[in-house]
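Got a structure here, written out as structure tokens. Questions coming.
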């Protein structure tokens, strides 16, 4: 089994813990151990995107140093936001020797960061290392008939230089879902903004945005929506109560992490599906479309 | 030939008012035109560089550089078109390969390789010409008279 | 597919005579029409390449002669440049001679494909002068070297070519204890009648080569250290060539100085008296003949990228300047810049014959 | 001892205010080779030139150093003046003491004077070793090869042919006509190509001096100005064109009918045996070997059975023809960025999102819908269309940084033609700003806005997606600052123009260069837009950069004029400053050959010595610097000349 250093980030240890559970489980099934190191620190979140101020790079930099200490030249994350934060930081230090020098001077209590760590999102790992063919081979319960709309959000694909896929027309989740046997619903809103942190101060605005994203998916026939970002998941899923208050006829739709569908398709034990974070209960539709014994057509 | 004392002072003497002699080989299409542009724009630079117009940096023989340094130049400068812009397609790339050899010889034998400078200066870069010539003149002044003359 | 065979050294034979017997047989049987091979001169005082067609004339030849008055690459150039001789001519060459031939081939001065290169293992050579002195003193040069390895030329002790890098037929003596000569070739006609090499013969040769390489690398490092200390800066350079008489013999004997007339001897370097007076006046004095440094540095600029380090220049210097030491030192710093090693392969393009858009400075 | 004359120009006060002219004359006169030194206020004036000419004759001067402005300005003036009184012009050299001395050293007159003296003396050292040179005459072939059969190539071909030159017009598709043939109507006159291009095509096809090599590509070009040798590959047509009458029966019977038509830019299909469009010149069919069932699988063969002329033979009839050519005009034109780009605008995904050139076919009376505007998806008439400009242009971060120049105009035209076709339709145009800088262009756009009521919205579109049969367009009106969402029936993208595919390969065969975007490089953007840096090769039309039809035709005639002028004589005259090889010194190592980018110097396999091709050598001097033995030299730029200049700069002048 291959191991790769794994950076969880805060959300995946709290609200999004089920994401981690299912992610670790499906990767284990694909012969990759995501090994979390001790003493990981905050990824730095959005602050690291203020490009000029080195102090905001300390969070990501410390984590990159940890990866270096692990003896690996790459690290995997499951949270899109952590991915983007670490990736941009790593790219900056690789491109700018002067900044790297400054950073190392500042972090005198740490060993020097040497650069060259490749930050990967779990979807990249699945696509480039494991390969969707291998995923497909592992599937024992194809998600036939399940209509899934993937939602990418922003930080997986933007900014372009740090994105894991085409900025406007990403394919990676489409291809993964197809490998799982699901029917993919392509919504033009798959890369539209979910409202992000505005959810704290302006939940109505976020609800409005999420309403548009979800309604389009529903209109195009989706049974559920999958995402790769805990914040997106929160906005799309937990904010559906606010959506209902502004749009009373909104029927609601379950929102899951893509790893949950993988766990189901791999027929892993239920405790590894990671459905606990879902506010809108996905079980009814999963029961109907996937979990119920298939009619073999003979009777 | 190590006995410096038996040598008279060259044209340029050491000291605070040391004015170095610099020989410049400038390609007709780019750097010589840049020098023309600098002049036409009345940009001012030190008069130490003595220009020799060549058709292309590709025509700058290694012996030109060595000859100038051994004959008494305190610095030698070669200026040509930027990569990809050579009027003769690839002359500047070839010059770079050839003259790198001279630099490496000077480096290997510690013969003041910094007295040789190679720059890309296009016809529109009058300001860059001025900057490079001024800088190089200052650098050579700081280094003092060349110990290579009369070697 | 290269075949590995062996010449056994019989009683009363030496590796030289045994190998010679095989070469003689190739000439007699007509598999070779001629053979260029080191031949004793003046009763063994020195050895020079001789082009032999009559097998009987081979009596005084020695493919492993421990002296190299002229780099054989030069002789192969003379033999093949204008038009290669018809027929198959075997040329017995040491690795540094092969290196010269490889460079000259790329410079269109040798037609390497038109001769049969017989490469020999070379433990090093003695300078012509030392060789003659030893013979005149009644000593056997080979045993003298065995006793005193320091007798070898510095170029040989720092040689980069322990392994024969190119050949049509190899005569290997390394690791044989004088009991056999290894013959390697892809050409069956050159191997006629020889037994297969016994197990271990090639491995023994290989391990000897590695040992020699090791010693040579260490010696090179020691020599480079001396250069670092003494041959640096204008004064170091001036001191190194202080006794130079500007005879240009180093150039004459350099195998990769292939010009008809050296540029530094051309009309460009002939001056009116007034011009020399001008220099004398500006400097206080003018060394005569002129252009000593210009010649050495200029020649370096012309050929150091193709210098194969054979040290012929040092051997040729009448006043004992170690020219080769300086050239080899600079060569080992210039050639890597072009990712080049002169003499390594006919397939590496000459550094100045090519270029890359994205390389070196300025960008 | 040579007798050099030195003439120092004051240039009014431009030189004289800084440089001490009297001192210069005094010092220069002391040089043993200087027979005469004199100054004058304006040496380039008629009296100045007369003065120089007088002294040449009076004193029998055998070399001149003209100390004045940069050689780019008056080198030719003084060389001509000298030649008029019998002094070989190549014995005249310029010492630049204005741009290089008086102007940049205005505050240091003494040192400036010293520098001026040294430059003049160094030039004396050079000129005393110059040799007399005479213009090189090279015979020429009176024929022109034009690469690319679009409107540029056709125009250039007609101009050259009318001037009496033999013209070879090489076109890689099976008909000339190019991009213009696919257009609906042209701005601002709304002429249809059938009305204005077809006559030119026919004329070219019938012209006695023009040979059209259709379905042909350039294999190899060697030689030099006036004397090129071109190998043209006539690709396999599988049809004997000497028998084919262009009747089109093969097209009707061919069962492979679903191949996207290049002429219709994918808006319609064609067959495997086909004539690209009815007005094709030559009007001959070809069989596309990537799609023909017989050629791929050995099945079918119906066209051969039905062809009334028995022209079809299914044999690879590729042929390489060698041509002798005097001048070459490259007219390879442009394309638009292919459809795999622009996912954010739905191109390639939503069938009713099309490129501008595709929309031309939907508007064209000769197009698949016979000029009726229909949605590709369902054939209905679109009632609302959004036209998006600058798709991939002016977008350095993602696509091309440049303006594609023709889109503003053709978008206006397309919106207008759409309104003509669908009277109750509405056209929206999203633009950054409108560039309508040609004759009648701005009026044309105003007409679209005001008379045709096309709605122009300033702003870029961020997203295009399909929703319940409509296409949703999101954008911003940057004039009102308002967010805009339109639900339209079709979207037309004015995608960036790019250089034709394969142009880089062609350029390297021709030894000309392209810029980073693949546009062919002109000799000088402003003053030599038609020439390339390789003598005898000219550019016409959009191969150099995007052009509309009128600019294309103008440049094509310009290129033709250049070719006609070049070939108007029996011999070409070339500047004689080229390389030469001392045959005694040459050792035949071939270093010079490896240097030369023009193939102008090579070791002769018989003599074993390098030889220079006078027609090819451009005179860069690189081979001379590469030659270790000093056998190769650049005439009048000898190594001794340079050495002596160096001596002057480092040691001062030789005194007697």
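Each chain gets a letter, A, B, C and D, in the order it is written, and its residues are counted from 1.
As a working rule, a residue touches a chain if its C-beta (ideal position, glycine included) is under 8 Å from a C-beta of that chain, and two chains touch if they have at least 3 such contacts.
Just so it is clear, the model here is predicted, and its values are computed rather than measured.
Q: Suppose every chain is reduced to the average of its Cα atoms; which one is closest to the average of all protein Cα atoms?
A: Chain nearest the overall C-alpha centroid, as shown: D.
Q: For chain A versus chain C, what separation do you get between their C-alpha means, in angstrom?
A: Distance between chain centres: 66 Å.
Q: How big is the gap, in whole Å, between where the Cα atoms of chain B centre and where those of chain D centre?
A: Roughly 35 Å, centre to centre.
Q: Once you find the CA centre of chain C and the CA centre of chain D, what distance in Å lies between them?
A: So the centre of chain C lies 53 Å away from the centre of chain D.
Q: By residue number and range, which residues of chain B touch two or more other chains?
A: In chain B, residues 11, 62-63, 67, 71-72, 90, 94, 98, 149 touch at least two other chains, as defined above.
Q: Can you list the chain A residues in contact with two or more other chains?
A: none
Q: Where does chain D touch two or more other chains at once, residue-wise?
A: Within chain D, residues 626, 639, 643, 647, 651-652 contact more than one other chain.
Q: Based on which chains are in contact, what kind of graph results: line, ring, star, complete or other?
A: Its topology fits none of the listed shapes; call it other.
Q: Which residues, counting only chain A, touch chain D once they are in their complex?
A: On the chain A side, the touching residues are 160, 166-169, 188, 216, 219.
Q: For the complex, give me every residue of chain C touching chain D.
A: Of all residues in chain C, those touching chain D are 81-82, 107-109, 258-263, 266-268, 272, 274-275, 278-279, 282, 302-303, 350, 352-354.
Q: In the complex of these two chains, what residues of chain D are touching chain A?
A: Listed in rising order, the residues are 343-344, 349, 397-398, 463, 465-468, 472.
Q: Chain C touches which residues of chain B in the complex?
A: 1-2, 6-11, 62-63, 66-67, 70-72, 83-84, 90, 93-94, 96-98, 100-102, 104-105, 107-112, 118-120, 147-151
Q: List the residues on chain B that touch chain D in their complex, please.
A: For chain B paired with chain D, touching residues are 11, 19, 21, 23, 33, 35-36, 38-40, 42-47, 50-56, 58-64, 67-68, 71-73, 87-91, 94-95, 98, 130, 149.
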